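Submitted below is the structure of interest, expressed as structure tokens.
First chain written, first letter: the chains are A, B, C and D, and each begins at residue 1.
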Amino acid sequence: MSLYAFATQLLTQLLELLIALALAPLLGGWVNVCRARLQKRCPPPLLLPYHNLLKLFRKDVLLAHNASSLFRVAPYLIFSCMALAAALVPTLSTELLFAPAADAIALVGLFALARVFIALAGMDVGTAFGSLGARREMLIGFLAEPALLMVFFTASIISGSTSLATIVGTLAHHEFAIYPSLAFAGVAFTMVSLAENGRVPVDNPTTHLELTMIHEAMILEYSGRHLALIEWAASLKLFAYSCLGIALFFPFGIAESTGPGALAVAGVFLVGKLAVGGFVLALIETLNAKMRVFRTPEFLGTAFLLAVLAILVHLLLEGGR
Amino acid sequence: MNPLAWLPTLPGLPFAGQLINLCAAIMLLLAFAMLAQRRIVTLINLFALQGAVLCLSTAIVALSTGQSHLWGSALITLLLKVILLPWILHRLVHKLSVKWDVETLFNIPTTMLVGIGLVIIAFNVAQPISEFAGTITRATIGIALACVMLAFLMMITRSKAVPQVVGFMSMENGLFFAATSATYGMPMVIELGVALDVLVGMVVFGVFFFQIREKFDSLDIRHLEEKTKQE
Amino acid sequence: MNASPDAIETLARQVGAAPPLDAQLGTQLSALPVADPAALWLLAAVLLPSFVGGALLGLIGHRRYAAEINIAASLATLLGAGALTLHVINTGPASFFGEQFFVDPLNVFLIALTAFVGFTTSLFSRPYLRAEVARGKLDGGRMRLYHSMFQLFMGAMLTALSTNNLGILWVSMEAATLATVLLVALYRTPASLEAAWKYFILCGVGIAQALFGVILLYFAAERVLGAEGGALLWTHLNAIKSDLEPTVLSLAFIFLLVGYGTKCGFAPLHNWLPDAHAEGPTPVSAVLSGLLLNVALYAVLRCKTLVDGALETHFAGNLMMGFGLFSVVVGAFSLARQKDIKRLFGYSSIEHMGLIGFAFGMGGPAASFAGLLHMTVHSLTKSAIFFAVGHAVQKVGSAAIDDIRGLLRASPMIGWSLALGALAILGMPPFGVFASEFLILTTAIQEHQWAVPILLVSLGVAFAAGLGKVQGMVFGDAVPVLPGVRPATLPVLLHLALALLLGLWIPPELADWYRAAAHLLG
Amino acid sequence: MSPLALILLACLVWLAIGLLGATFSRRFVFVTRVLFPAGALVAATVALTALLALLTQGDTPHTAMLPLGLPGLPFHLRLDALSAFFLCLLGAVAAGISLYAAGYFRRGQGSTPGLQCLLYHLFLASMGGVLLADDAYFFMVAWESMALSSYFLVTSDHRIAEIRRAGFLYLIVAHVGAIGILLSFGAMSGGTGDYTFDGIRTNAPEGWLASAAFLLALGGFGAKAGLLPLHVWLPEAHPAAPSPVSAMMSGVMLKTAIYGLLRVTFDLLPEQQWWWGALLLGLGLATALFGVVFSTVQSDMKRLLAYSSIENIGLIFAGIGLSLVFAANSMPLLAALALTAALYHCLNHAFFKSLLFLATGSVLHATGQRNLGRLGGLIHRMPWVAWLALLGVVASAGLPPLNGFVSEWLLLQSFLFTPQLPHGYLNMLLPVAAGAIALTAALAGFAMVKFFGVVFLGQPREEHLAKAHDAGRMERLGLIWLAAGCVLLGVLPNFVIAALDPVTNFLVGAGFAPAADKGSWLLLAPISEERASYSGAIFLGGLLAFTLALFFVVRAVFHGRLRRADAWDCGFPLLSGRTQDTAEGFGQPIRQVFAPFFRITREHPSPFDKEPHYRIVVDDPLWHWLYLPLAWLVDLGTRVVGKLQRGRIAIYLLYSFVTLLALLVFTTR
């Protein structure tokens, strides 16, 4: 690899990371704004998430007596995982320096790693809600993870690769074909994303009702900068998922080179697509009611089956190659 | 059904051979009689009679073939099976006072029917042997076998020790008959005979020796068996 | 799938026949016995100590030093047997007394084994019976009877093994039966009398059947050999076996098989065996399982060789396989229901005799080799187990499996002997039983696949049952033990060590010997 | 000295160490502080020798013969790529476990340390023997010695009835399996009676006999490995054994079964049928799912790990099955890929599962508790064990950047090639199988979170846990060794794959180390970088670097202030160890979702109970569907046979009589 290519790839990579870090809270704010509008409520300020993060960072950390070092390490680790995940998804360009270090499967692994740590952190203080949240989170996790993998597999079998860059490259540029399988996969992916990001039919990010909460239950004991990191990580996760959806199902516009021009175009496309995506998410959240926790397996089971179906449809209709 | 009816009367058979055939027939008849007999005392007498017939047939073979060791065999048979063992058994029966009832496990007609079947099987089994045999009295091997089988059956059907012992001795008679008459005196017949008689003697002695009566009140083997019946 | 001739040859090369019989030893061992008057005193050295010792002990067997005399007589027998064995290895098979007695690879190996186990049993019985006397279970008269009968039993078995004459074989088998009946009834308890009576009647009837078989055999042989031509001598019969009348021989074999098979404990003729093992004194159980069954099987094998040779079919072998398999099944499935430790191992003997019978029934160099090996290791292991069991029962004061607990803690020596012995007999390597089972099973799946599921299930069930029972006895918290028992550890350790050795390494001499014997058996 | 001789010598040294231990069983310090570390040293030597042999020896295996065994069939030994790999595994893991064991065995618990030392080293030596054996007899002897020594190790505390039962079950399954293996060898020698592996290779049968041999071997080795439905001994025996032994059994002994199966299917049998692979794959997946589902609902920490072992064995079997399918369809490269994944997973599982079992050992020593419901909060008292166990947990859950992830990644990669198979049904079904693997991996995460969270996190559930102490020095050393293995194997996969290259070349005639070499040493790209790539090192580096940077940035930009206070818990005032989730509670979602898998018995309290209690028992339904009927059948058999024994002489005589008559009639008919 030439030094030039290395440098540009490194720069692109850093750019992606920065964009992810910067835009993630904004996406969360945008979804909230959309949702409020759809529900005929007065919307919160678009930049409120930034404000909240800043406020939390400034506050002292209030730590339970019983909290162990794991509890304190976890937020940093989780944040790193999510940041890396967001950076790995080819949002702007497929020419990323670290892309070869992790493919789609590794990405799923990264999400899982973060999930395991947040669940462990939830159990650390030893409160009733913490472990309740942890087990629900793991419940959702073990159902969502295979479904997500199957979605990736569909894309991988189509493109003959598990490397995200190759997948996106294939889907976006190389040949134009209509893949019916991707429709199934898309629906499955949407369902998984909703569950993974604690969105409405599965969880409600705004609730603090003890018996129904999942994500919030795990992080009840967090405060100050720890909480800020976790909230930020959550928005990064939403961002990463959105970008994944975009990359897999609406890949047009992603740059295949590292030229500034291509990147700028890609950036514009990205912001547009994210705005639409955020709106759709808000729409879904508005149209649905939260389901009981024990309906979640059915919901995610459906997602898993749809993803499997996607593979079968691909093998059947699209010749299996 | 008379087992005598089957008695082979082949023309041209030497007289000695005919006599042995006759003895064989009587052996079989006695075996049946023992199978059918309920009273122990009579049973012992029948056994003594069977011993006498055996002794006679051995003597005939000795006479006709000139094998001198068979005389010794006949003498031993006479002493042991006709005189000594029946005497011991009589004493035993008297001492243990079990002379009256011989309780069989199956009723007598059934036993007899089974016995007839056995004879048929024994003869069929012996058929190829007889055809092949070089001795003049070849049919006797079938009869000897039948005697052994009938004695075996008797041991199975009787539940008291003394009749079982008698059955065992009767089986031994059949064997000895086969050894002397059917084969016309095989070598070592005396040694084998003595050994067999020692065995029989031990069995009889065993009834005393094991003091079965003292320990169990009766000689009914079923009493003996209760201990390990269920495991 | 039947193995092709080539295949058989390879098989033979692997484990069975001697590497082409040019090896000096092999040639010598498989030659015909020749008259060897020089070695007569060796035979006498094997047979006489037992009979003389038996007579002597009949007079003084109640004295304090009787146990030592017993040991001395057994040792003399062992030395004699050793010398005879060496002689045969050096000069080849020999016959004596106008061919009435002979030694060939098959019986010399069993003679040595018998003498050895007899010797170790006499070592074991010394402390064992002392303890029994001390507890008032036996008195001087009984001791006299025991010692005398033990030696006579040994003498009868050695005679049965060394004779060439089927008549003498029969007589000595009977004598062995009589001696053991007295031994089984030694305690005079109702149960032991019952067991002895059963043993007596069943084996007596069996012996009678065997005599009929002998008569039939003579009947057939007389045609070929003439009335005086040694028609009961096995070597003569073996030489002309292909001329013998097949029908008569097959009938004769049935009687012989049912007769001697009763003594081997083949199911369904086995019913005397568990009782006799359970009720007699433990040294007697050890020799019954370790020796008497072998000798009875030896008699069957001699007859089988003749019959299969005469019939040129696999008739006798098939019968033995059938009886063997059935015994394995019956033995294996009976293990689970036993409550008495000695009965348990009695049934295990039935299972193993079945396995050996099955192996010899399959025939061929590998299987016969395996059968001989199994006879050896079964004798060694089973008698070791009975030694351990004897001491365990004395320690705990009960032979009920439920009463025996925690032997490993109560008495590590006995506990480990029992545990290892039981695992060995259940077919765990590296003990020798596994070596023979390995050969038997691998041969079975190549030649008789139908038998394999039966063997698999039976061995599995036997293992489960045996392990379950033994585990319960050796593991767990220790039960209080009775004082005053000093176990004889040497016999147990010696036997187990030998069984272990045979699993890992079979001395070449012994292997050649087995091969020659397997060759004889065909 | 050839590597083979060296390894053989090592095995003998193990034996000698064992005998020394038995001889000087009273010298406690000598046994624990000298003999066990010596054993560890020997183990490390074995690992190193085997690794060198693997990397340098090329195609020619070392062979040797010992003058032991059956006549005409002396013990044959052979060191080839396959055995070298597994020996390497054995040595590397055993070194850690031996170090740990030096600090673990105490006086007064079960058997004496001297006896444990004998059995433990016998166990090691016999495993070495299994891997070196080159003839059926030696293999079986070593195999069963392995079973026997581990049986006595499992039952070392035999005063407890449960442990006796576990040992009993274990040895039965092991022995019946061994008979199956033995029969398989018999079938494979193809009627030649040549039981050397060389002989079998040349004479091995084809057709149904080959399939029979394969099935017998599958049954036999599957029983040892814990393949469904022969797994029942595993969750009983592993908890019963002392922890180093559990670790050894789970980490290494199960792998010898894998070794045996590979040896038989790929090496000894000349031609593979694709349906063997499909069968293996199906069984493997079923085992994996079954194992992981059960592992999530366990309340005993060692049982949880034991079920997790079943899961991992299932994954390995699935990999082997896939490899068989590829191999039978003449796709050697793909077969090599799947096989590499399976072998890699063997290695990984050996490390992380041993690590976890040893961690439970320390917990057990510190608290005397195996029941998850009575543990908790131990990270405060046992930080070493907890943090090292966390590494094991992450590895076991198949998470990047540790080793468990790498092999699962490879396995999934190989599944992605299945559409190229020429079987209609297979290539439709196999992607679903990949889904099953993904589900298994995700559930493993659940189980591991439960394990770690309940044992080490939260508040102590019992008073006495406050007195728990951390692992001793030797124990820590062992744990660190294994944890380091987990990290290294995860970070440097290319080295492992290079070492695996000779193995796959030997077994399926292909390897992809050359393809992998095209990338940099950091990057694992089995086929091509375009196709798929992963780098544990970059991953770990990136993660660590980012986390550290983040930490300092946050401190620098804002502040590091921190105050301790009571837990918030939504304002709930009565916070105690009892308000946390129990182990059963944590498994509740799984019980609900996978209800048909289990046999659940519940005891609910009624409102009128004075002392209300709630009890739930989750049983393995296979006990009821398979084993109890089997036991019933055997019992029926014994009853039928028992009827033979009537106790009446007349009846016995009748048997003889009927036998005689039947034979006579049969002969003369």
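Definition applied: a residue touches a chain if its C-beta (ideal position, glycine included) is under 8 Å from a C-beta of that chain, and two chains touch if they have at least 3 such contacts.
Only a predicted model underlies this, so the values are computations on that prediction, with no experimental measurement involved.
J.: Write down the chain pair with more C-beta contact pairs when B-D is set against C-D.
T.: Result: the pair with more contacts is C-D.
J.: Could you please state the distance in Å, as a whole number, between where the Cα atoms of subunit A are centred and where those of subunit B are centred?
T.: 100
J.: So how far apart, in whole Å, are subunit B and subunit D when each is placed at the average of its C-alpha atoms?
T.: 69
J.: Between subunit C and subunit D, tell me the centre distance in angstrom, where each centre is the average of that chain's C-alpha atoms.
T.: Using C-alpha averages as centres, the distance is 43 Å.
J.: Provide the C-alpha centroid distance between subunit A and subunit C, rounded to the nearest whole angstrom.
T.: 77
J.: Give me the residues of subunit B that touch two or more other chains.
T.: In subunit B, residues 125, 128, 152, 155, 164, 221, 224-225, 227-228, 231 touch at least two other chains, as defined above.
J.: In subunit D, what residues contact two or more other chains?
T.: Within subunit D, the residues that touch at least two other chains are 642, 645, 649, 653, 660, 664, 667-668.
J.: Quick check: what residues of subunit A touch more than one other chain, meaning two or more?
T.: none
J.: Which pairs of chains touch one another in this structure?
T.: A-D, B-C, B-D, C-D
J.: Sort out for me which residues of subunit B touch subunit C in the complex.
T.: Checking each residue of subunit B against subunit C gives 125, 128-129, 132-134, 141, 145, 148, 152, 155, 164, 168, 171-172, 175, 178-179, 182-188, 191-192, 195-196, 198-199, 202-203, 206, 210-212, 215-216, 221, 224-225, 227-228, 231.
J.: Name, in rising order, each residue of subunit D that touches subunit B in their complex.
T.: For this pair, the touching residues of subunit D are 642, 645-650, 653-654, 657, 660-661, 664-665, 667-668.
J.: Which stretch or stretches of subunit D touch subunit C in the complex?
T.: Touching subunit C from subunit D are residues 67-73, 136-137, 140-141, 143-145, 147-148, 155, 158-159, 161, 164, 167-168, 171-172, 175-176, 179-180, 182-183, 185-187, 189-195, 209, 634-635, 637-642, 644-645, 649, 652-653, 655-656, 659-660, 663-664, 667-668.
J.: Which part of subunit C faces subunit B closely enough to touch in the complex?
T.: Within the complex, subunit C contacts subunit B at residues 165, 167-168, 170-171, 174-175, 177-178, 181, 185, 190-191, 193-194, 196-197, 200-201, 204-205, 207-208, 211-212, 214-216, 218-220, 222-223, 227-228, 231-232, 245, 247-248, 251, 275, 337-340, 343.
J.: What does subunit B use to touch subunit D in their complex?
T.: Within the complex, subunit B contacts subunit D at residues 105, 118, 121, 124-125, 127-128, 149, 152-153, 155-159, 164, 221-222, 224-231.
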